[in-house]
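Below, each structure is written out as structure tokens.
Here come two complexes built around chain A, the first alongside chain B, the second alongside chain C.
For the complex of A and B:
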């Protein structure tokens, strides 16, 4: 465990003055405190105006993504001692996610704007297959589900989109692609044509350069690039 | 340079949903399926509906599959009644259990990725308190989506709303209900992102604002669960029901408060105190670690109270250990990999070789806004407030009474959500012109006071004191002495809060302002919980009084508590519905006042 003297250089933004600046906070913290705990400590002991985002605080909702020393990650999952280990320093640059949506204040980005990317791919079943007669569930073999189940674990934290160089341009981003791919592979979706035209549109998978940055940063360890590669190869449907 | 607190925009809609979690989204989806042209506005305090607390529920949701020859509706109803310690309303229990499987199909047919068995049908697993044959053997009754059932429900209900053209306003809070003459016409909303106040007028207003876990300093609940909905109705002069009914999970992981599942104990984990002593044998000589949730929670709490806990240096929280070191490699890898990963991830501990810190953690609020079986909000005299509905964890119909069974909460969201949706769809037709032009009266004064306060006090620190007071004095153990001390502290903290000056005067995304407003809600709910806990001189379900350790027939009623002014409490009561028992049909005698023994 042990205690660390931590320096946080936090990138702040004031929406009224439209001004950005970096503010340095120094604090003592136990090894297993998380970055969200550090932000809270700053609020309680030093500066209540520092603004940051979180919800579940255990890696399940994707509300707390920030960039620390350049790496997009979940602030609720990063322990101080692990951060020290990972970045070999006790000084951390903390920024809001970039490439995704405008900053509202300090570390908070406009999630509603970010989600517009996901909404575009229609993250639901467009045309559901009629359920079997007699009020029953659809039978889906575990083997078939296995092909796309990983992709359903995405929590839309947008870490991948932030890391993806293509997402600044027209590309909707890796997590939006995942949402579309899930339904393209889901046997309950009958509207495959619209799915595929979306995936292969000018905002779709052909914008991806297979850099694997998305898979590398995903806090849920989803191999995002694998699914995008499947789509590119036209291998979403079961053989 | 005073901030402008005037309403800058008025919006009209058919239905206003305060809270876009699983419950709120299920209501909206139902209305939209029945009336695709309905105009619905859904609010959420988090940055996007998907970030709501519902997304974090893991285990599953209970529902009797009509094609299962081993299970029966009567068993599920009995388990719920028994678990509630005879405080659930039987009309509600019956209605929810009977519609459960249809609602599972609703979710499945709309794309929820339920886990399947080898034949491709829905898999089922068992949870504590769910039995067959009225308590004889465990029932396999919970369907699930791996360890992310709540996420499946959230994604599906939210997706359906998105598909049907709903208007979402995220990162905003409802700050005042617009109620006149026992009718609700909408609410005043503060949008954090734009720093503006809106007035939303609606034919129907649904409170679906979720739990209140942040009242306690160790909780499995998310950061936004400050019980706003309960405070909103109390501020409007309406009552809450059974606020003292708060569930604690015995093993929250120290620090984040993450749930360490019951499985740890069922596979042989041993609880130890600071002297390494396996203490459960003192409290439950036969069952030991396998005793029911509330008993284990009390045992751990006793150890801590009597000085045999350990103080966690990083989190400054007392705990005991759970010892998993002796379990086989097989058990670690196959049966508890997820919980293990929480310990590794959040504490950098390896449960195979190290002791892991746990303590009781606030988990669920059974009490809430009183409603009837249609989710219509009622006043203390059981009169319906027209146009106002409550559903989900913030509401009390009551399906859970004084103790919620695992997997029954998610079930409540989707069933009651549907019933409320049905009701509202009818109302929209019946009352085409029910919108009335009324203004907010109290929100402005409240926010003015926040900006005008002068003093050194810090909102965050007051909130921390409140939360530790509630954990220590009105938590797992309660007594007259502790509760009265808590009430005194709460009143004092309320006064301190009034002297807490804000550091920033902006309205735009002012986190301190939000936290100041939330603090008022936390104080309101804390006092409601404490006063009701004081009033209930008995122990029942999750409510345990040191000084009255037994259940007492005298208290076979719901507490109805209102607070015309802060600290001024009025307590009434509501009868527990026992219509299944009174109906006299087959097995009716199981639904009498029975013992809660497992």
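For the complex of A and C:
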């Protein structure tokens, strides 16, 4: 397993000075080093002021999303050798998802602002179907569940929102729409009309132009464009 | 020294730009760039349609029109006319691909994208072939009856499919006009270049447009193309404009320009 001489051009932002700049870091790293480990190495050995965010560091929380050479992805999932193979270079531009929410500092964006999009679609069951009599739980058939199970894997990392051709801050974004679509497809949800009104609002499906970037960059391999197209065609409910 | 630094910087940036162009498909996928191309060709074609309507409105003075059309005898304009086929066929076929995905739930977008490029290439080469031969004849009524019937069939299937959608009427009309133009516009271009010389003659055009059936076809093309283009530009503008006032301004401006061109085109169809 080889060692790579990596160059990271990290886009930094100082909120006190309100100034952006690109700082270059050069470091040696093994092939199976993750990008979060590179950031940590910079903090430990070179520059403790470099700010970035992560939490679970195994692709389940979406806190470490960044753009690397223009591609939004999870820094905890990207290994150095995979990045070299993907981008055919050892020099990487690292940027925050600045088109999703304002940058707080360096690679960290305002997640409260980012989540405002998701909260707009009410990511919970608005009007739950009453449970069956006799204290039994709801049962969803495997066939029905299969139609939207993939969509439930979304971790709200906002990579899709950043990659989207309509990635303006007003657009709900693919992940927020997916949150609404999952509930619209859930047989326990009785409030379908409010869901559809939200999906077909000005900032909903009309802003989707089927560029498939959401499906392409999704770290959880969710075919986001497929679910949005189901909503457009009015095919969310089982025929 | 300062000069050499800026040259190095320029070359460095150029290399970086070249690198980013090389890895474009690795950052968002080919379909993303196909979507950008759809936007760019759409805007270009709307501008061309406006220019086309202005040019055709000159038919009210046939002699002047004929002298203006002499420009298409120059090789540069012949090549430009042929090159117009690229955005036309790309926008039509790629739009068809998106309709198949969104409305007909066909999930073979990668294969379909390859078909878009292949069929687009075949059409463009065929058009060049007909332009070079330049002496093909076909009855306008015969050609357009077939094309209009085929388009009416696919429009009907699309309308039936769209019934289940909860989207707005404007959004649906965009898809319906798109599927109608999918065959009609490339067919219009092909028809006009079967014999490019007489295709530019005022008398020939006036004669064709005098046929009531051709008038209906022309009217449907005018309405379809102006609505499709205006809604397309409106849709792109809404992606980027945050201010509600500017949004309303764009809608008003687009509506006025569309109505102006619709009136110019309609007057031409009725008067001839």
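Rule of thumb we're sticking to: the second predicted complex is superposed on the first by the 237 of 239 C-alpha atoms of A that agree within 3 Å, B and C clash if a C-alpha of one lies under 4 Å from a C-alpha of the other, contacts with A are read in each partner's own complex, and residues count from 1 in each chain.
Note that in this section contacts are C-beta pairs under 8 Å (C-beta built on N, C-alpha and C of every residue); 3 or more make two chains touch, one makes a residue touch a chain.
Quick caveat: nothing in here was measured; it's all calculated off a predicted structure.
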Fit or clash for chain B plus chain C once both are placed on chain A? fit
Rounding in steps of 10 degrees, give the angle chain B-chain A-chain C taken between C-alpha centres. 170
In the overlay, answer first, second, both or neither for which of chain B and chain C A:209 touches. second
Chain B versus chain C as contact partner of A:84, first or second or both or neither: neither
Touching partner for A:200 - first (chain B), second (chain C), both, neither: second
Max touched-residue count on chain A (chain B vs chain C) belongs to chain B
Is A:229 contacted by the first partner chain B, the second partner chain C, both or neither? second
With the two complexes superposed on chain A, say which partner A:69 touches: chain B (first), chain C (second), both, or neither. second
Taking the superposition as given, does A:27 touch the first partner, chain B, the second, chain C, both, or neither? neither
Taking the superposition on A as described, I'd like to know which of chain B and chain C A:131 touches: first, second, both or neither. first
Could you look at A:170 and tell me whether it touches chain B, chain C, both or neither (first, second, both, neither)? second
Tell me, in angstrom, the smallest C-alpha to C-alpha distance between chain B and chain C in the overlaid model? 18
Which of the residues in chain B come into contact with chain A in the complex? 46-48, 50-53, 55-56, 102, 104-105, 108-111, 113-114, 116-122, 146, 148, 151, 155-156, 159-160, 162-163, 168, 170-171, 193, 222-224, 255-256, 258, 313-315, 342, 345-348, 458-461, 464, 502-504, 506, 508-512, 515
Under the definition above, what is the set of chain A residues touching chain C in their complex? 69-71, 86-89, 163, 165-166, 168-171, 196, 199-200, 202, 205-207, 209-213, 215-217, 223, 225-226, 229-230, 232-235
Touching residues on chain C, where the partner in the complex is chain A: 19-20, 22-23, 26-29, 31-32, 34-36, 38-39, 98, 101-103, 105, 107, 109, 161, 164-168, 171, 235, 238-240, 242
Would you pull the chain A residues touching chain B in the complex into a rising list? 1, 15-16, 29-34, 37, 40, 43-45, 47-63, 76-77, 79, 81-82, 104-105, 108, 110-112, 114-115, 119, 122-126, 128, 131, 135-142, 145, 149, 152-153, 155-156, 183, 186, 188-189
